[in-house]
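One structure below.
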Amino acid sequence: MMLLLRELKIMLRSPAGAIQSLMFAVLVITLFPLAITPDPDQLEPLGIGLIWVVMLLSCLLAADKSLASDYADGSLEQMVLSHYPLWWVCLVKSMAHWVSCALPLLLMAPVLGAMLAMTSENIVWLMASLVLGSPILSLFCILGAMLTVGLNQSSALLPILIAPFLVPTLILGTQWATTGGEAFYGYMLAALLCLSLVTLPFATAIVAKIAVSR
Amino acid sequence: MWRWFHQWGSPKFFYHRSGALIPVLALASGLILGAGVFWGLLIAPADYQQGESVRIMYVHVPAAILAQSSYAMMAVMALISLIWRLKIADAAVQTVAPIGACITLLALATGSLWGKPMWGTYWVWDARLTSTLILFFLFAGVLALRNAAGQSQTAGRAASVLAVIGLINLPIIKYSVDWWFTLHQPASFTLTEAPAMPFSMWGPLLVMVVGFYCWFFLTWLTRLRHEIVRREVRSDWVQQMMKQ
Amino acid sequence: MLQIESLSCFRQDRYLFKDLNATALPGQALQIVGENGSGKTTLFKILAGLFEDYDGRVITEDKAAILYLGHRYAVNDQLTPIENLKFLLKLNEIQLTPALLTAALARFQLSAELDQPCSALSEGQKKRVALARLILTSARIWLLDEAFSALDAPGRSVLSEVCQAHLASGGILIFSSHQGIPEFASATQLRLKAES
């Protein structure tokens, strides 16, 4: 709990990261109609997929910042050495990433959906799929951040490493939203979330030990 | 039995013993691939639907099979290097990654070339091609991480963890891509199950698959032996060998 | 007790050190001596348990009683000194009242700037925030890598007082320092030679 409070405090005192993620998302959503067409009939079926992709990209871009400062100032070493189980530290980091990057976007989803001429029913299902799916994205992004922390081009490297793993979540999430909440996809997404929650923090913990021994 | 395995973990032992395999593999891959190419590209019958272009299958299918199994082999080596901390296993991961990536590219390219006569376009987002593309990204990720992290032990371990995670995720990714494709399958083309192939077609295919594997192991072993010498260049047995 | 037995470490194509042997008993100080790049930081990391690629053995009675303070001393810029100190101590399950934290910081001459985030402090002041941890910790084995650097003379003297009190109570101190520390001139020295 103390770890989570610390992360939130740090985030609140320098909210630039969260604001940047949000701005990036709005910008990209603005670019699509400009590049394709302003015609709402053509935009509407694309809405769910576009916002999901923007969520994915935002998460990837924000990921390596979260660990970079802890690695640089030595806090990561102290966390590895501490009495706290390392998987818990990694889970807290994922939660903090979700709060700072995915949550603002989730709350903005109605606005983004309106910009893409989505119906309100679609927006509701989009938000539901993002609620279930974005934690999975955060968990993978923190894994990627831990794999690349301290390396030279970590921010460019991270998306290359992690993007393939996000494909199932992307497919399931968009499918659940597009079909208006068909139960099978919802269950599969929830199952993927549970699986990720249970396995990824441990995998990230293994990588954390490798990262601090660099 | 365990000790037999452990022996192979020593770079010196591995290097000396594996030397005998190289000419065997070279001969095998040369002969088998040669036979396969001759049989498949020249003798085997053309497909009644696709004509001569079906012959790309004799390169594409072995490449696709090898792409997937080479990733699996890489991940198994990665797991061994993580659990038992064998430097040879780490060298094995390092040397197989580029080979696997190239084979995947070959599978993609031949699949794409085959697509033109079959479906009329060079790229289709069907389940197999899309999965192969993602497999290529997985290889690229391991290569990129190794490259960025440098030559140290820890660099190898990070890339190995990535490879293992990739292997665990691979079934999930494949399943979701397959399923995505069946949902969105465009009406214009149907993915028919390949009709039972006559021996005159699956015969050369089998030969090509075996030949590809022989060539793969030949290349991997050669690279691995080079890498072992490079890593152990300061040790006595390498110095002695170089003096001879 | 901390014992180093035949410790060898091969990193990035060369041996950092080979067959190192040393023992530190309760109440003893051990100084790691060597030039830049001779592997001191790696040795500290091995002793702390952060680096595991070595041959030989490191024997301690209680792995959990180790405090490691490295080059980067884990002070976060967004948090205040009190918050940083509280976090570092709580990581090792030591919970303390604000009064004790303030007193520890005051010992290291940090009393005025306690409400601001650490980004407003100088490097030396940030280091002292990290060092204040030493006063309140219950760790028995201290690994201090270049702890005395970036401190002014009063800071160094407080640090060496704190270290001496630790030794007097039966703790073990393993440190490195480019400058000579007069109070520890008689400490056992472990020399690392950079391979030429």
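So that you can tell them apart, the chains are marked A, B and C in the order they are listed, and the count of residues begins at 1 in each.
Just so we're on the same page, a contact is a pair of C-beta atoms (placed from the backbone, for glycine too) under 8 Å apart; a residue touches a chain by one contact, two chains touch by 3 or more.
Keep in mind the model is a prediction, meaning the values are calculated, not measured.
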item	value
Chain at the geometric heart of the assembly (C-alpha centres)	A
Contact-richer chain pair [B-C vs A-B]	A-B
Rounded Å distance, subunit A centre to subunit C centre (Cα mean)	37
Rounded Å distance, subunit B centre to subunit C centre (Cα mean)	48
Centroid distance [mean C-alpha coordinates] between subunit B and subunit A, Å	32
Residues of subunit A engaged with two or more neighbouring chains	213
Multi-chain contact residues (two or more partners), subunit B	152, 154
Subunit C, residues touching no fewer than two other chains	53
List of subunit B residues in touch with subunit C within their complex	151-154, 234
Subunit B-facing residues of subunit C, complex	11-13, 53
Subunit A contact footprint on subunit C (complex, rising order)	45, 48-53, 64, 66, 68, 70-79, 83, 87-88, 90-93, 117
Subunit B to subunit A touching residues, read off their complex	134, 137-138, 140-141, 144-145, 148-149, 152, 154, 157-158, 161-162, 165-166, 169, 172-173, 175-177, 179-180, 183
Subunit C contact footprint on subunit A (complex, rising order)	2, 6, 9-10, 13-14, 69-70, 72-75, 77-84, 212-213
